[in-house]
Amino acid sequence: MSKIQTFSSFVKRLIIIIVGLLITLTLLFSLLAYFVPSVKELQDILLSSFGNPSLMLNYLDQKGLGLNSLFFKVVVFPGFTWAALIAAEIIWFERKFLAKMQMRVGPLYAGKIAGLLQPIADVIKLVFKEIIAPSSSDKWFFLSIPIIITSIAAALLAVLPVSEGWIIMRSDVSVLIIFALVGFVPIAVLLGGWASNSKYPFIGALRGLHQMIAFEIPMLISTLGVVLLTGTLDLVNIVYAQSNIWFILLMPIGAFVFFTCMIIELERIPFDLPEAESEIASGYLTEYTSMAFGNLQLGVYIRFYAMAGVFTTMFLGGWYGPQILPNGFEIANQVIWFTIKTLLVMILAIVLRGVNPRVRIDLLLRMGWSSLLILSFVNLFLVILILQTELSQIFGV
Amino acid sequence: MSKLSLSVGPQHPGSGHMRIILTLSGDYIIEAIPDPGYVHRGEEKLAEYRNYIQNIPHLERPVVLDATGAIFPYVLAVEDLMNIIVPERAQFIRVIMAELNRIISHLYYMAIYGIFMGHSTMFMWPVGDREVFIDLANTIAGQRVTYAFLVPGGVRNDMPEKVKEQADKACNYFEKRLIEYEHIFMNNPLFEKRTKGVGILPKQDAIRLGVVGPTLRASGVKSDVRKDDTYSIYNQLDFEIPVSNACDSWSRAWIHMEEMRQSMSIIKQCLKRIPTGPVKLNLKQIKVPPGESYSRVEAARGSLSYYLISDGGKVPYRVRIMTPSFRNLITIPYIMKGVMLADMPPTYWGIDYWPVEADR
Amino acid sequence: MVETSNTESTLIEREQKLAADLKSRFGDVLEITIKSKRIKIKVKSERLLDIANYINNELGFDHSTSVSGVDYPNSKEFEVVYHLSTYGREDFRDIVIAFSTRISRDEPKTLSLINIWPSVEYSERETFEMFGIIFEGHPKLEKLLLPEDWNDIPPLRKDFKPPGR
Amino acid sequence: MVFIIKLLSSIISGMNQVFKRRMTFRYPDQRLFIEGDGYKYDPKTGIGINGYRGRHILYLEKCTGCSLCVMMCQGISQAIEMKNLPNKQITVNKKSMFPQIDYSKCVYCGFCVDACPFEALFETNEYELVSYDRESLLFTPEQLAIPPKKRPEPTVNLKYGDSDVYHG
């Protein structure tokens, strides 16, 4: 292979590869279509649907991949692609917003308007990098961690009610499902730290473990308050219960405790001890490179979106909101309101990131076990107070 | 509790170009032994092979952040040996440049202090505002960082007129900014929780160990070379020395903030009272009679002193540079005891330690 | 003999008083030169410790700013200069005492003053590695700045020529 | 409670900054404007004239080839050497030797300008000396004689708003 001299020769080479790939694919496709009937049928529809796309749509419905099929919900709308898109744009927004708060510009050149395509540029860059697993590390565990963490984050989306109709899996124990999944992340973090078999990631993994275990209990108790008030474990019913009053007005302390625990759970800056750059060289993420690191980051931000979604469903009244679209589009209106509230929660977390230094591990644990725990119990008593007295009738809960 | 020996090496995001060997029990540091010398360049030996003018850009290199503070004592020592009196206007310009450099160095201190705490905004704001003062120094001395601006006999060129109103604008802007710094950094609850009561250096230890600069004043000793061993025209200016008896990392950062305010008021006073006149004696040849002289100056990080011995030749016989970081190096084993690993970088940076300056 | 520089004779009564006080106590072993705010004391190395103790306890010069070695190859001597200053005594804060002794160049040995002024610990180690002067009584007299595998002669001596000179 | 108030005050001060202008400027598109045309030195009074210390400019007709600047730079960074230009016949410079400056070594201290008694060597405010290899940083006397071209628009410099600072 001749040495790639300049950028233009690199692009030339890239084009040659892509064109070659396209040609072989079409040849293969037409060959297959000649023998296998179903592929021939797909080819005819593909060619004829250029005229009117509806042909393609009902072909997909036939096949069970249509708009309101489970496949579409899981893969596209409230599922992975929608969350990945929001996660990518949140990364862009965070970098742009923090930059503005810090007197600088932030991403600028990727994409025409103010670096909008920066996340996509990052992904392309990461794809071309080489995945290096340290020689002394346990390779299979090491490389499986990014996949595990991203899949947990994506699994969280399953029970998230984006709007009345649009929910992937409506089960009457969805709150339990969420906390089961959230509980699994520290184990994955510990595995990651242990598998990379070097000192700094191990310290980072241990800290991650301490942090997440310490803060699941206050989080659980504050959600217990919500569950007690509504009497159900199903997120959709929780949202229905908030039709005339949002729970954040009923139990602000519970909301505050849940929000703080959420940030600690997600290891955001005031509490990002597991990957504290200045002390232990970015903790358990140290040894990951290229797409493994990219996958991890995507997983972290999808989990950020999912947890913010859970916060909005439980405390900010899910998809309820004044009717801004003409009455034909109720579902779209609900989706818009759900997304706006989730984005607001995420923006608040980003502002906290711009304003605070990192917390030390002992301060964090002391705060967790003492103040947050007490606050969550106080919130519990308030909820019981509301339930027992006739206040609950007033709020129509 | 099993002991873990961790070497925070020269290439670590939490320490400069020097190594600290820590023995930890759990997360707490029991013992810290500094190991400097990774950027030692033998400045004192090389200074013996350069004449008195060629030494100026050379001796500024180690204290890169506070170039005027580095060269001020050298110039005072040479003038003391040559027994010459520098014109009044040059003295004022020198003090203006020294105080500007103090603010620039303190801002860099606040920035790195912030990034060691994981507070990215506290890194960006001071570095951004530093540009204001670097621009000011650029208009006066023609260079941004290492000015080579002070020479035996005065300063190299005169100060342009527009510096007066540019400095006023800069100082008004920065006074407002310091209030914002206080809100987002110093009084930030998490920042206080992490730095108050951390890295304690009691007053007797500070005196016994001969500590200098803000670290000394944060341990309750009200001593500043500008007031104690007054040089140049500091006796004509009125400014206070901030002192705090808290002896911890927070008060060291607070002292830096207060000193920036004092420096700005000094710059304003100098700009009001600066006389006209020549800025440099017309010395054809720098002839230094034999003898020795010891001069010290309150540089941004503390008292920086030169012990200059000349045997009458063109080059100095012996130049002994004693930088504030080298003198504060001795506190590292004392303040690191009992500090947690997470607090090691802020405590290390709290004493304003600059490895290049300490190794010379 | 007390030799005063003529220019600022009025400004230095404090320094003269100090010099006279030192002269009266350790008359024979030391030589004092005075400049405004600077006193140079040359001491014979036998009475080094008790003069140092006197300066530290009675005169209140409680810390040392620097320890410098100076190489005089033609008179075959090293000079070790301790610069002393004070934080405790407000009135003497601007005075710096240069407290120096001369030791022979062939077997350079002197007493370490670390128990009197702990702040000399790293300066003495640096003077040791740069000149080869051994400070007896220093707890950890090893290299500080130079690399461990430095086997050349101590660099700050006059007979060490840096490459390219 | 105090914790919450202090946290809110730092959030507010952080948010205020969001509505202020940015301090940074986009370098290749906008360039920093430096006024004046560089540092000069007047050997008669022995005092320099204020100016930015950037790339040097050599007035070949004034240079006598005395190599005082070379001797001065010898102790600083050995960046200047004399170069023979046979085709340049200058009355004051019989051996037609002129200084050439190696900008990979020069530290822009400007002492060569102070050392030149004939006002032949000054400094300009040209600071963009980027190159792909070291050799092209060695400026021959002819290159030094060419005055730097005017900095392309748009040039920005530091401006002070009421509570923010920006490059406009």
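Quick notes on this one:
Which chain is which? They are A, B, C and D, in the order written, and residues in each are numbered from 1.
Everything below uses one rule, namely that a contact is a pair of C-beta atoms (placed from the backbone, for glycine too) under 8 Å apart; a residue touches a chain by one contact, two chains touch by 3 or more.
This one's a predicted model, so the numbers in the text were calculated from it and none came from an experiment.
The chain with its CA mean position farthest from that of chain B is A. Per-chain Cα centroids separate chain B from chain C by 25 Å. Centre-to-centre separation of chain A and chain C, using mean CA positions: 67 Å.
Spacing of chain A relative to chain B, judged by their CA centroids, is 47 angstrom.
Look at where the CA atoms of chain A average out and do the same for chain D: the two points lie 50 Å apart.
Across the assembly, chain B contributes residues 49, 121, 125, 128, 184, 188 that each touch 2 or more other chains. For chain D, residues touching at least two other chains, in rising order: 7, 10, 14, 17, 23-24.
Multi-chain contact residues of chain C (touching two or more other chains): none found. Of all possible chain pairs, the ones that touch are A-B, A-D, B-C, B-D. Chain contact summary for the complex, chain D toward chain A: residues 7, 10-11, 14-15, 17-18, 20, 22-24, 26. Considering their complex, residues 36-37, 40, 42, 44-46, 49, 83, 207-210, 216, 221, 223, 228-230, 292-294, 296, 303, 305, 307, 309, 317-318, 320, 322, 326-327, 329-330, 359-360 of chain B touch chain C.
Against chain B, in their complex, chain C makes its touches with residues 7, 35, 37-38, 40, 62-66, 68, 70-71, 81, 83, 85, 87-88, 93-94, 96, 98, 117-119, 121-123, 130, 143-147, 155-156, 160, 162, 165. Interface residues of chain B facing chain A in the complex, by the touch rule stated above, are 6, 12-14, 27, 114-125, 128, 184, 188, 190-191, 193-194, 340-345. If you check the complex, the residues on chain A that touch chain D are 97, 99-105, 108, 351-352, 354-356.
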